[in-house]
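First up is the structure itself, then whatever we jot down about it.
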Amino acid sequence: MNFEFGEEQNLLRDQARGFLADHCSPALVRRVLDGDELYAEDLWHKVAQMGWTATAIPEEYGGLGLSYLELVVIAEELGRACAPIPFSSSVYLATEALLLAGNAAQKEHWLPQLAAGEAIGTFAYSEGSGQPSAERLITQVSSGKMTGSKAVVADAEVSQLMIVVAKSEVGDGASLYLVPTDQSAVHLETVKTVDPTRNHANVRFDEADAQLLGQEGQGWTLLTQLLNRAAVLLAWEQLGAADTCLEMAKNYAMGRYAFGRPIASYQAIKHKLADMYVKNTLARSNAYYGAWALNTNAVELPLAAATARVGSSQALYFAAKENIQTHGGMGYTWEFDCQFYYRRAKILALVIGSEGVWQEKLIQASDELDVA
Amino acid sequence: MNFEFGEEQNLLRDQARGFLADHCSPALVRRVLDGDELYAEDLWHKVAQMGWTATAIPEEYGGLGLSYLELVVIAEELGRACAPIPFSSSVYLATEALLLAGNAAQKEHWLPQLAAGEAIGTFAYSEGSGQPSAERLITQVSSGKMTGSKAVVADAEVSQLMIVVAKSEVGDGASLYLVPTDQSAVHLETVKTVDPTRNHANVRFDEADAQLLGQEGQGWTLLTQLLNRAAVLLAWEQLGAADTCLEMAKNYAMGRYAFGRPIASYQAIKHKLADMYVKNTLARSNAYYGAWALNTNAVELPLAAATARVGSSQALYFAAKENIQTHGGMGYTWEFDCQFYYRRAKILALVIGSEGVWQEKLIQASDELDVA
Amino acid sequence: MDFEDTKEESAFREQARTWLQANAPTEAEMSGMDTMARAKFWQKRKAEGGWACIRWPKAFGGRDASAIEQVILSQEEAKVAVPETGVFSIGQGMAAPTLMTWADAEAQANFIPRLASGEDIWCQLFSEPAGGSDLAALRTKAEKDGDDWIINGQKIWTSGAHYSDFGILVVRTDPTVPKHKGLSYFYLDMKSPGVEIKPIRQISGESNFNEVYFTDVRIPDSQRLGDVGQGWQVSLTTLMNERASIGAGGGGTKFSSVKALAKTVMIDGKPAIEDSHVRAKLASWYVQEAGLKYTSYRTLSALSRGAVPGPENSIGKLVGAVKSQDMASFAMDLLEQEGVVRDREKDAAFAALFQDTYMAIPGLRIAGGTDEIMANIIAERVLGLPQEPRMDKGIPFTEVPTGS
Amino acid sequence: MDFEDTKEESAFREQARTWLQANAPTEAEMSGMDTMARAKFWQKRKAEGGWACIRWPKAFGGRDASAIEQVILSQEEAKVAVPETGVFSIGQGMAAPTLMTWADAEAQANFIPRLASGEDIWCQLFSEPAGGSDLAALRTKAEKDGDDWIINGQKIWTSGAHYSDFGILVVRTDPTVPKHKGLSYFYLDMKSPGVEIKPIRQISGESNFNEVYFTDVRIPDSQRLGDVGQGWQVSLTTLMNERASIGAGGGGTKFSSVKALAKTVMIDGKPAIEDSHVRAKLASWYVQEAGLKYTSYRTLSALSRGAVPGPENSIGKLVGAVKSQDMASFAMDLLEQEGVVRDREKDAAFAALFQDTYMAIPGLRIAGGTDEIMANIIAERVLGLPQEPRMDKGIPFTEVPTGS
């Protein structure tokens, strides 16, 4: 039994943590929160120089050819630092979509740019409120031209390519397309969200050039596989954020005195922090299993991904809100950093489907694996 | 605004509490728990002598003609004392069914006996596991003879009459019937449950004489109305039990010392008891509204009943289990009385449909009243 | 058990309604006025008509009205379109009763009528950064200098400091005695030299509170209420008068709004309201919401027979805030990816409501006593459970551990 | 990251499997034996084969095996049909390590081999009615009388007292010194005159524990372990060896059983498993259950590289017990009125499982440390948060407040 990370991954974690402590301080997050930047471009370039964007891309496409175990380590650290960069959109979604479904030409064109961080990619599937479904898709492609719109696309404003789910008349009812954004037929409209450290936009396609990605009529199937991969990676990012919340809450509670003793000595706070620890620990163990399933492309991936995703979403929501609560009034001020994680919690929880969506996927996956 | 009980009801409450302290001590509950009695017959007779079984029955049928506000006061006190008698079956269900749907002859025959506690009635609608529905009913009546069976009927073994829901080919798919139990065609088979202080039996009808109660094909509609009434009355009984749990837990925590101080001075216990108090208080307020709606037969009754029922079921489950927890090891012994309420909690929660059933009724009722 | 007024209440309601209908200011009367001017205009008219501060004793210009009469007046006032007068609540509800109990006749004559008429606005300068739940741990110090006191330190969470004329202030005059014994209580002119006010930005983006810094601020000893060292007792008068919360758990996301949302968004191809998980969640929240509503009815009934609302009213905030937070979060989940949008210009009908609640609620779980303090209040003051051991009792304030 | 044995582990597993397959007792060998005789028969064979108590030092007849080797042996043992040997766990797991550390060579030679071979069964006499979470508050007293000690008092929650040969016992030898300093530690023959054992009936109806009363029980001073007054330190040796819980949260109701139930009962005319509320509940429980399972994998991995399991293992019981309670209650709700049936003779396939869990779980939330103590352990020993103020430190035991 070796259900642990290896030495190289542990070294990578230390390195990543140190790097982000230096280059992704709370002050940097705050700079993006308070300012007009769409993302921390300086951090993005440094992250790309570190090779993080290239982690799981094969060497033939300019990547490092490392495993997903390395990528989840990086994901966790980015979550911990609440990094204001389009890493999840570009790496967990756009890059993974190309790896999953791209043809040789598409891979050769885009993967080296994505690996180098020269191109940023994102993924667009929602067309409005509620759960997307193949049946409800309106965006479609005819003769290579896409018409329609996508709602609240993360990092759309800084992406060079977009992976878009569109309607199909055949197969599972959807197809994936690759849409470069440097064309006038792609219209973006900024959308303000609860987390200004990540940019979002509504996107309209007005006969935009679109290349089929993967087979026609296989889009929903590919989407499902892609989201399973992204779910594991996001779970690690959520977990990193949740652990920071616990650490912040603990440090504050140790230093803050009320009635002559640290508030960390009151059971109301002790048990709250113990509860955070328990939720984070269980979520972490599920994320381990997700990482194993992702890395080995195991048949258990759908169940493992859903389990990791639900656990991490629940853990981060709890940790983020109770971290503010532990800080008391100060935690509710703009001046304190607790808000970073409370905002980011919702972005991460909703980007590829809510807790409810993944609970449903979990039960379906448990049926398919015949777990009871 | 006078959302309080009147002076007569407050007097009745004091009287009932005093009476039950004298005549329904924990020792009496334990006698039934440990022994072979089906119910505390001595207590039943005393309760009948007090007139409690006659409370809401009109004077013309030998009742006291009091309001439901008096009846909920008694229900609360019986719940508080965990009385091992068939009061809920006979008074909230059988008596109410007759009041709701009985014809003059049926009322004249049965109500005086029920009022005097000479007859005990009960109500049988479930035929097995899961939620009963008119479509799934198998028990039926042909030419006045009932065939079929009913599952886990509370107090069946001590009842003289049973109100039974049976299949109908017309109307809403069901009809109510009145079945006297002193006939050989009614077969009882004892069922052991989590609460041995209340007797339960499976019942088989083998061409048993059955009288229609109310209109043919109106059974499901009547059932729904009946259960709304019973829900309010049971909510008060549940609330009384929940309040006893809080009181027991509080008293124990005040007297039990750990590390040199009462465990009631630790926030883990303080906040647990505060949580019980909060749940009980909200449940009580909802039960007030339910009592008002029942007493005035308000159009809001379905919503008020469901709200009271869900609140009290949740409050009692929480109070009963956390009362044991507060008592620590001693609370888990047979010797202590905590178990009474933990057992009774489930009996009361399931007798007329689980929390889930009533949550669904609540939302339906909110639709009908157009609450949002 | 009914929901009707008593005969006396009904008569009072009629009287109030008649006066309000006759005297509610018209748009024409208030044309060109800003929000503050409108509030002052209406408050002045109420005072002139004898309808301001009706719970005050007649000697101070009130009507000796009961709590339920105040509720009835508020209910009736809510039915007519009059300016909101919340800016006066700290002065009228907290400063005034303190002045009535502790100030001399001259100060009372100077300030109380101007409080009733809305001419002066007061704020409350109690909380400090190091205090939080432990209010009496305040450190702002006052040193005697002739007939004056020199104040140095910082207060926080002061609502309305920037538009207030006066403030009530608790400071430490003797740090060498135990915590509660070294405090004194003053009122001061908020325009005094050395008073600096900085708004606090909340994570919601709003600024409802201020920090107030004191640098060598002079207060004449004549503005002291109570004896030197008696500040805690005077503070208790103020705090006891903090308006009893008899609402149904405050604002934020409600059953009705989430249910309405659930009718418009889809789950698995059907409206979310048809999903049994959504229904069960909604039902449990409805039970809490109804429980709070009917608890407030019971409180009103108690007021109606003259009872004083007790610490059990902490329930509203304790339950309501957490419920609203979880409902807002759940509503955002129902919206899926669009749930993160917080953009009043582009918003769907419901969205802003939930996202604003999501960002505002963490403050509500803290302001006026955290969830944890509310649970303590219920445990200790309602259930009578013992306090926890206190490490700060009976020792000089300077020796209480502070971690710094 | 994989789920495979290391090369060494694989070799050990093979070795264990081979021995077990060759030596597992047959029904014929054990014919006519009761449960206890079977346990002793198998334990003796294991000892003779060198497969009992493998973690013990070789000097005491063990193999100096690692924790992961013990786990592997247990896993392999679970695969063959051998008698359950849980009755030996207190003696082998707690008494033996204490004897190894604190007893003299003679006592070690007398008792340790008989513990390994299952000839003697030991029980643990620590808890008292007044103790509970506060173990050291015990009151059973020992007074010196010549070379003996005279014991009077009462112990509680003693598993297996009625079939045990010996017991380990902590008593108060000096009530005038602070709580932890006045204790001494003994072992005794459970057949000693004056020892009276009464089974405790639990609310589940079972009796897994006893009360043990001591009336002038004599114990020779030679059966003392550690110095007089050193009992707490000796107890810590025992308690540190309490078997690390590396399971997935213990028995009781599981995801699989509730899911299976949900396929058979109906909600609104359809199988409950199609109801989204049921699905969401099941999913959240699955996440907890899987989290516990994979946490135990991580613990096994740590054992595999030689780490010692730490206090973080409190999670299993803390999460697992509450989860089982709520799942059992929910399953009973799914059964509706039939959910109350607890009747092994008449039962539907699933029912007894849920109702038995419902009645047993309150005990699991308490035994071996309440939920609240588990949360304290995580807060203090894992997260390093400060203890609460202690009112019983540094004062004579007789002066510690007890409320009586």
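Chains here go by letter, A, B, C and D, matching the order in which they are written, and residues are numbered from 1 within each.
The rule we apply is simple: a residue touches a chain if its C-beta (ideal position, glycine included) is under 8 Å from a C-beta of that chain, and two chains touch if they have at least 3 such contacts.
Since the model is a prediction, treat every value here as computed from it, not as a measurement.
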Point to revise | Between A-B and A-C, the pair with more C-beta contacts | key: A-C
Practice item. Quick one: point me to the chain whose Cα centre is farthest from that of chain A. Key: B
Review point. Roughly how many whole angstrom separate the Cα centroids of chain A and chain B?
Key: 51
Review point. Using mean CA coordinates as chain centres, what's the chain A-chain C distance in Å?
Key: 40
Point to revise | Averaged-CA centre spacing for the pair chain D and chain A, given as whole angstrom | key: 42
Check your understanding: What residues in chain D touch two or more of the other chains?
Key -> 267, 276-277, 279-280, 372, 375-376, 388-389, 391
Check your understanding: When you check chain B against every other chain, which residues touch at least two of them?
Key -> 254, 261-262, 266-269, 271, 356, 360
Exercise for review: Show which residues of chain D lie in contact with chain C when the two form their complex.
Suggested key: 267, 275-280, 388-389, 391
Study note, to complete from the structure: Seen from chain D, its contact residues with chain A in the complex are 1-6, 9, 68, 255-257, 259-260, 276, 279-280, 282-284, 286-288, 290-295, 297-298, 300-302, 304-305, 312, 315, 318-319, 372, 375-376, 378-380, 382-383, 385-389
Point to revise | Parts of chain D lying in touch with chain B, wherever the complex brings them together | key: 127, 129-130, 132-134, 137, 156-157, 200-203, 205, 264-269, 272, 277, 325, 329, 332-343, 346, 348, 351, 355, 358-359, 362-363, 365-367, 370-372, 375-376, 388, 390-392, 400-404
Exercise for review: Provide the residue numbers of chain A that touch chain B in the complex, in ascending order.
Suggested key: 266-268, 271
Review point. Across the complex, what residues on chain B touch chain D?
Key: 126, 128-133, 135-136, 151-152, 189, 191-195, 200, 202, 254-262, 266, 268-269, 317, 321, 324-325, 328-335, 338-339, 342, 346-347, 349-351, 353-357, 360
